[in-house]
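Okay, so chain A shows up in both of these, paired with chain B first and chain C after.
Presenting the complex of A and B:
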């Protein structure tokens, strides 16, 4: 019933918008009426039901319970995907990984490529489903399709046909909580990338500084925030000398709260636990949700950054630049950025990764950590699939260590990857943009790169860029915010989801605008009380209690 | 005509204002051209303002190596030619028939057409219909959807009813011409102006259309150029959203270098054809509009 109402509402809304833009499509004589839509919906449901009944008999005849190929006669599945981004990836069917997967599984893929999210919404609204899909649909769409009875609950088949996933979820209840919907079923498998350290978390950005400039000026790598300030000042004073260009930007931060390139790490150095990863909240040691952007402790790092901005060591356009501008500035061939936070270091030697800075305020510096990356909705099986068991076995095949790692980094062909004599997976040194020609799927398929599955066996070629990248990150290991202090990546319940996102929008924009104002115009102490009062007005307390409630109930579900 | 005193000031100011507006309208086009010849690095950093920086043809080179662009061109031309022919076949005769006073139920049919201009079923019912007709992901839907454009049909109808005198048709009838003969031998040859305008309208419409392919095509191999272009322009944003900023950095510059070249390549055919058809514009649309 709910679905029908939704469909009606959507139809009405779309209709209204079409009327407003009628000129372009004025000539189409279309059947209107919601009755037609209803009828179709009902019909689709019937056929879905029938094909399931057929599917159970047809499927089990063809299926090989173990071994490969998965089916004893070739079958074809319609695979829904989002169209590749033209410049970056070729068509899905052209990836070596996809070709090889079809060969081993005995299942042919007929790709149904959705051009963008609008085409995906239309697919869900019209219930014109493929058999399975990779990376199609968001949490809400998958949930509504599941409520409408259009999806197979994969967990029911998992123990028998997808032991890789079954075991992973047994061993990792937090990940299970991430993908389990409120009714206790799993309707879509995720992609997993777990490079977490002992702390249960892994790295976000690295902190880089232009070491050639330090050498020219005869300076040491800074280890405290005060030394860092002196270094930045020296960069500015010596602009135009040696290799330091005239237009030098001593420190570039991409806003304050941006997940990539922002100044959150700098705030962490002062011992303040902040993250923008999940709704800007973190967990304290007693499993309570905390919001340190409203903690008095953050004033100290904010004042520090304000000082940098005031003295021209951080340019004010940092707070208005776009992502493209941020990337262009920090990666520009003629390097003019002295220090920044970035997902990955440059590979031309212009900068070096350096460790955390001590703020000398008595608190241990921190560094943002993120939990294992579990990305939802990467493998979904729709009710019109006649071979659900075969589809689940396909998901299991993709979750085999060899298949998962080749999906991420390219095939074992001596160019991208190699299998060493002791059974390890070695990533070879190849330029990043080549990989896409081979696998290109990155996180768009339900690859299972968990620790025991893949990561414990992953090694990097001696001296390759990848190996270096991993090594230089190790200096942060002792400072990472542990996984248990991260807010878990969970699906919210119906009743709270939209309220949380409403509150978050207001709160986040309050934080962003206030901080940007403080950075440019100062007045942190004077404005603090008004800022806190405004956050209260926006419902900070309700926000935190809802997040707490959702977290507790999600964790209870899997324990 | 001589201009005196205050008028002179007025005209002078007019010219200045007109020049300012002209520059405002022209600058984005000019920017695309100079950006396409500049190094991607300079464009992203906002250094390109008045003239190209670090002149290079690498963007065009990257573009030519890109197979999707060629297949996009092929399909765009195919959809445009076939689609425009279907548009003309459906729209022109309908407009002519409705322009004839002797057509029974003329008012009712007109009204029926007009209704579709203001009320449509909406996207989802339309999609459901097309899906049930098994036309999703077919060549047919790309050329057939919107075959009759009511707005253009009204323009044509007005042209026919004001430019083709009833007496001429009566004379043809007396000389023994059939209805089809009148249409093909008398009316069409006299309506070259409106035909040219309609060809331009429909062709540009098909050429610029990406929505039909976005919604009804399920195979990137069949995308027309505009859709390939759209995908190209949006792809860095998608990458960033997926959190792959490492690879995005390399790709960003590559795409930046291509995108302005692709914009030029996609607008080029229209810019070339336009001047040749433009002279019919005044004859075609205006006469109908003013007298109608």
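Presenting the complex of A and C:
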């Protein structure tokens, strides 16, 4: 009897753990099951492709070639989107912008929300597409869907139905290169946000310092790295006095190589050109790809940061914190961070944007720049769509100046935005934390905020928080790393893409772990040679030559 | 002849087979049917071509995995982490179950049981946040105590040597109560007559554990051990990934996190399938080996 109970128990335990172990490897298996049904789906797809011509005529009967609404009787498109977090963004259908867009275009949206990247993967693997999608799919997924003949080549419709995009790409060949796939077609439209200066690049983070503390201590705003060091020391020494709290963090950096909040700007101040925006590489003046994380010149700024860490001016958990912790610290109402790099300055007067610091090593300080932001894969039309012309016209409508800017900053309702009498778009001084509410679609839809289209007409309400923010940033203009020194945002060819990502994973983690270790334990000079040898071992040379090759061929494509 | 017997048996005990059917179906549909997706490990898989028409690349993905620089680091990391988890985590539920078995007060026993298995229901994200709150450098509880005692603050979260201890012991804390349930139920099947006569013979508690309880639950222990040995290569992804940072990466980069960074973020289905297959094969070999050893030594096995 006992034996029997035991046997049953064992069987139960065994079964349970087998099921569990099967579940834990679920990722691929789900894809597999759906792919099973896919063979048949492919057949239907093919026939659908052949009958495309009929579909087109059926669609164009409804289409108004110009003017609005786009279609002469309402149609419904299934729109694939990534689900936003409800608390932050709210459901897609609730945005005023989306509602107004449906009204003007005469096209109703039926949103298909994908909970996460896995859901998106599954959609592509099973080829169960919506009609159009915003911000769904990465380069590889879009490319493979295009290879499979599942996407409309938008460029073929562009001249006739999307003149805004057609003109933009004509005028901006570099942007065209970033969205054109290897076969010369454009399968997905990007979101464009171009606030570049004359140098061809725009700002990344601002450098902020707690000016009330400086005032209390009777200190000037630092202009050199040495003065900055003295200021940080003063913050620490006077912890607990005046408005400087006991637990003060004199300088908070979010790791070294993080694009947002990291210490890259601090390295730039020493005249070393680094960026982590595109594969951690930059371009030198001879159009050669360079990797300054392996340049001896970076030792000086690293030693400087190490000194700050060693003396407790930068807390060690900077190197272990998560993004949430970084944001919580720099945005905390208790203001215990003395200086940091941040995407936006706070609007409560606790900090002020300050300029670059001179390292006094004879080199001109730099500040990270980024090229016009062209974010791919924001508007894709799938072969399911019976009305490709209408969809392209919808993309064109979104790219109209008014629609693009309202998608970014909020509607022309007198609270978020206003249209001035001379036809400019004025951003009003609404509180910063309302930003998400006003502009939930930002960067997730193919908004065309290029210079000619939008940015040249954008003004800020006099004296408003947003206007001040823009003005503050001007102190960096002379120091920005120019656009030609940024690695372009391009799609990699099939043969190199996975090799590049493979090499990059190793190289990036080598840089991150080594730098973090140096910051905590020191030993930069002693460890330098081993670090370089390790990078070589990880294939740094191959990595750079592949990036060079990809860059050259992408540039050749547009010239 | 045998088949006929089998059919007869099924006919005779059809209710039992009916009970078994859902489980068999489940395994067939969700565990066996998807297995042809393993083909992806040998292909340059493209969704629009499917498994049958995607380009066949043989062992390319495996070669890529074995030749990566990180291979020499992530495989030992994975094994160290899971073997440590197994060695530390396996005996503790057994000891807990044996202790609870001798608690005379039923109320107290239930209370302890509830308290010890409550952490099982905490999600990994919360657990990792708790670890961070307790062991943080400047604001952490432990370092606060150390500081007020005049000791140095320690960078627990960023130290690769400490990472494994944090990972394993937080796991033990979370899992021991839940893990002990099966042993407690096994212990309840011990014939009370044995204990009574042992008491009459003057056996101490330790002797009763040694000669009555443990021999009874040995089959359960061995079974679970064999199953756990079959999971050595698959360290759970979530918790490691959440606890990872650039300082402890040298200890915390395991196969699952590496494949995530390399393969899944870039939608490299073939590559991730190949690594998954590699893991499963090693696990299977381990499982069979441990099972064979156990059969030889104790005559208990699951296969």
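Note that the second predicted complex is superposed on the first by the 509 of 559 C-alpha atoms of A that agree within 3 Å, B and C clash if a C-alpha of one lies under 4 Å from a C-alpha of the other, contacts with A are read in each partner's own complex, and residues count from 1 in each chain.
By definition in this document, a residue touches a chain if its C-beta (ideal position, glycine included) is under 8 Å from a C-beta of that chain, and two chains touch if they have at least 3 such contacts.
Quantities reported herein were computed from a predicted structural model and do not represent experimental measurements.
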When the two structures are overlaid on chain A, which partner does A:319 contact: first (chain B), second (chain C), both, or neither? second
Does chain B (first) or chain C (second) touch A:421, or do both, or does neither? neither
Which superposed partner A:327 touches (first chain B, second chain C, both, neither): first
Contacts of A:147 with chain B and chain C, given as first, second, both or neither: second
Going by the contact rule set out at the top, does A:513 touch chain B (first), chain C (second), both, or neither? second
After superposition on the shared chain, which partner residues are touched by A:125: those of chain B (first), chain C (second), both, or neither? both
If you lay the two complexes on top of each other, which residues of chain A touch chain B in one and chain C in the other? 10, 14-15, 17-19, 22, 24-25, 27-33, 36, 125-126
Seen from chain A, its contact residues with chain C in the complex are 2, 5-6, 9-10, 13-15, 17-19, 21-22, 24-25, 27-33, 35-36, 38-39, 42, 117, 121, 124-127, 138, 140-141, 144-145, 147-150, 247, 255, 315-317, 319-322, 497-498, 501-502, 505-506, 509, 512-513, 515-517, 520, 537-539
Given the complex with chain A, which residues does chain C contribute to the contact? 23, 26-27, 30-31, 33-37, 40, 46-52, 64, 68-70, 136-139, 155, 157-158, 182, 185-186, 189, 191, 216, 219-220, 223-224, 227, 230-231, 234, 236, 245-250, 253, 258, 261-262, 264-269, 271-273, 276, 280, 302
Considering the complex alone, what residue numbers of chain A touch chain B? 7, 10-12, 14-19, 22-34, 36-37, 40, 83-88, 91, 111-116, 118-119, 122, 125-126, 128, 260, 323-325, 327-329, 331-333, 342-344, 432-433, 435-436, 442-443
Contact residues on chain B for chain A in the complex? 41, 44-46, 66, 68, 116-129, 131-132, 136-137, 145-151, 153, 213-215, 217-221, 223, 227-228, 231-232, 234-240, 242-256, 258
